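Please read the structure below before turning to the comments.
Going by the order they are written in, the chains are A, B, C, D, E and F; count residues from 1 in each one.
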């Protein structure tokens, strides 16, 4: 499905990685490793077509993602370092807006339910401004419960989450992979993910990785 | 040294905790536990006198911290969710400015050295804007190496750090405690800290904690 | 597709409502600028009448320029912009929704307020009418053109002055035709020609500005 | 203690240099406002000479007011303000350092630019002199007074309008004495009285504004 | 067909363009010096005194070429900008960047000389007439472009953002040119046109054209030499730059 | 035509020489600035190259 060939990325005057090639099939999870500043975030943003690659190509079902444009972005769900939620909207409103923009509007009840599943019961209609760090992250991640994209790109999704939430998120990711989705993930925390379909990729080591 | 008696904190219309009492002596570490939104950040900011308590008192060497004013803030070092570094300054500049404001100016070389210890070699004179999430966190934490405050208040210091940096930070904390400092800490990650002098405090459980 | 347009429009209006005061920032600025002049210049009606079109249009231009900073900046900082880029919607449509919301919040109140303020300057009702029409045609064009500048300077610290520098040259024609229309009417010549130029500028910017702004957003979001 | 003052002053100036364009934002705004008026009003020298003091002072006031938003906001957002509150330094001294840096970056260039722009309006050299002196006394007072407003509205979304609302009533006396001084000189009466009033305002705000602003900061930082 | 294509892209690589530009700079400098010298001689000693404007009209020999260049350079920049956005070639961004300062200088000169001409002819340095205003806007566009380049550290982003800005501003060029036709203004209408011959005396026309060509050659020389420095700056860590004779010494 | 007459330009001296002078000035300054720009770039790159060479040793 997703194929990466000869990818390189330059930031300022430093080459973060070059000649990176791998591919990802339905039902696989790619776990990115690398120390701070090794270029994980940059790679993920490149895969989402947010950053332009300096060389190489990224293909989705055989087509270049830049050609596909919105057909590709429909398939991608990205959660980055920033939560992308509006401080002045409540959790429910945030969730409904982002789902509608993602192309599948959901009802108030459905959104409410998703937030409750994420453990935000009783906080659904507070403005996100007053939520704690971890609660904001939960609101952002509630999108995962409603989304129909096939490729999830999650940049350190576990930060700020407490143990219960980390467990729950892991189970969601696992369910997505088992039902034929794809996940690209990075985290510095030690997490257990089902070992079967996991690929690993290390950035920033001497010989830049190939899976 | 630090005594807390009958502390309560109300946010909006919810009582986060009430009647909280504990004390912390030189050479002790207090590990705060609690699920997302249980009030850890709020408690820490209260202890730093950034947030006013709704009830109760916080005493430092027997005196109310509000009376002590700058005498107390001299003893406190707080690293919060926000890094408090300037995007447009380089790591070295950031570090020197914050040390000077903390009352102990350091030389260029000393700052440079501290950043190198934090694993930022080769990134010392990039504007912090272009650093990765973890690298920014490292710049913020480099203050710990230069500071002479006795009480460290660290709110999830390990987020965004990679394994090597987490280990290093742990060793710094341990050294501080062993040399008679005090640390108040919260983290959702599982970290090993020397078990001897560690106190634990749980927020957000049915009966709000007492150490 | 249009549901996305409506959602985004609704969201931005809702946000403006929540912040409430945002609704008034630009309007208030406009009112201050227009009202401070009689204070600083003195109350002679003849002078005032003469400078009125200039004052009103300069004030509108400044108000619109200052509001630009907030057009995309908050979305950029909290990451909502990244998410917008990754939706399966044509980006220029989303940009159009944001600009429309922005104009409804910052431009429209100003247009509605203008006739009231015009009374201070002793303008004839005819001149007032033309002023409202010219503002109604001109301010959306300002917002659209400004969106390009705002998108280009996103995330550049101190973008404020850059936005002004980039956007001002494109604003000047609007200013000239806008105040020209009012002046021409006040002095008895018809403002027709000026108004139709404003209309043409509006149509052109409706066609091209969203495209240019969305291209600029893609560049800036890297 | 004074080393902290110097460090903070140095840091803010360095930041302004780094962003470079920030240095010019306010200045540029001032230049635009002052220069757009002849454009909108027409080039009759008599009218222009008459409205000059008003235009200059209104422009200076607006420029100073707009710059306020950035006085503490960035520090607040990136957490540097929390850290400032936790330093063992008297907060009002730090506030004074920040305000001084802010004035050096936004106010002083404007004062220096004023005589050049005055030429456009055909002002006499005497009137220009008084204008510079009045701005030199007035703009620091504006920055100091504004700091209180900026501190009070910190973190309130859409603080912009609130700042204006809070600060404007306190700004108006400065505006009146400032433009009054220039006008009086231009029309042959001395501007002495007005200038000494400005001086008094400056001294008062130097004494009280840092205290009030630092109290406001403590409240807003919660 | 395809071989020509390959050739094109070869020259769009900085490594091959750099020495090529190096060879072209002295050639065009010489041409520029010669043409401008001839042009200056003709403008002061050959061209006759104008019966209406006296000697003052001689400003035309710098004013018009400068005004033309300011517009033409912008069009060339727009061409490179479009090329850069479509084909993503590195060189085009550098060319756009190299042309901008020279364009800004000519726009400034057109304004300056126009003002110095307007004072004796119209009795005022400046009026807000359509052509004058649009030329001022052109200067602002140049300055805006340069400021934007200065504000972005990342070269790729700077190139692409700059290209977009240049393309947006290109609407201004026809406005400058046709403004005298669309609005009745103080400014002279077109005095050089292809269809109806020329309304100026032939000698004045020739002088103007020679000056214009001289300015052309000057622009090419300056822009090429600037692009060489830009190439060096941006490709500093490539091996071909580090092996250059001028870097080694 | 005397030299003085030539420089007087039939009373338009200020305007004619103001225009030609400004043009000449800018067209001389620009190449000079370009030369110093190139000089700076070369010096910076040479230093970079030297540092790199030293590191390799």
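The rule we apply is simple: a residue touches a chain if its C-beta (ideal position, glycine included) is under 8 Å from a C-beta of that chain, and two chains touch if they have at least 3 such contacts.
Remember, it's a predicted structure, so these values are computed and weren't measured experimentally.
Take chain E out of the picture and the remaining chains divide, by touching, into A, B, C, D | F. Between chain A and chain B, two chains of identical sequence, the interface residue sets overlap for the most part, with shared numbers making up over half of the total.
Chain geometry summary: the mean Cα position of chain E and that of chain F are 17 Å apart. Here the spacing of chain A and chain C, counted between their Cα centres, is 37 Å.
Chain centres here are Cα means. That of chain B falls 56 Å from that of chain F. If you average the Cα atoms of chain C and of chain E, the two centres end up 33 Å apart. Within chain C, the positions touching two or more other chains are listed as 18-19, 156-159, 162, 165, 168, 172, 176, 222. Counting only residues that touch two or more partner chains, chain E has 128, 147, 151, 153-154, 156, 236-237. Taken residue by residue, chain B touches two or more other chains at 81, 87-88, 130, whereas all remaining positions touch fewer. Partner chain A is touched in their complex by these residues of chain B: 11-12, 34-38, 41, 81, 119, 123, 126, 130-135, 137-138, 156, 159-166, 188-190. Contact residues on chain A toward chain C in their complex (touch as defined above): 45, 48, 50-52, 70-71, 73-74, 76-78, 80-89, 93, 97-98, 100-103, 105, 127. Here chain E touches chain C in the complex through residues 128, 133, 136-138, 140-141, 143-144, 147-148, 151-152, 154, 156-157, 160-161, 164-165, 167-169, 171-172, going by the rule given at the top.
Looking at the complex, you find that chain A touches chain E at residues 11-13, 52, 54. Against chain C, in their complex, chain D makes its touches with residues 18-25, 28-29, 32-33, 36-37, 39-42, 47, 50-51, 53-55, 57-58, 61-62, 66, 156-162, 164-165, 168, 172, 175-176, 179.
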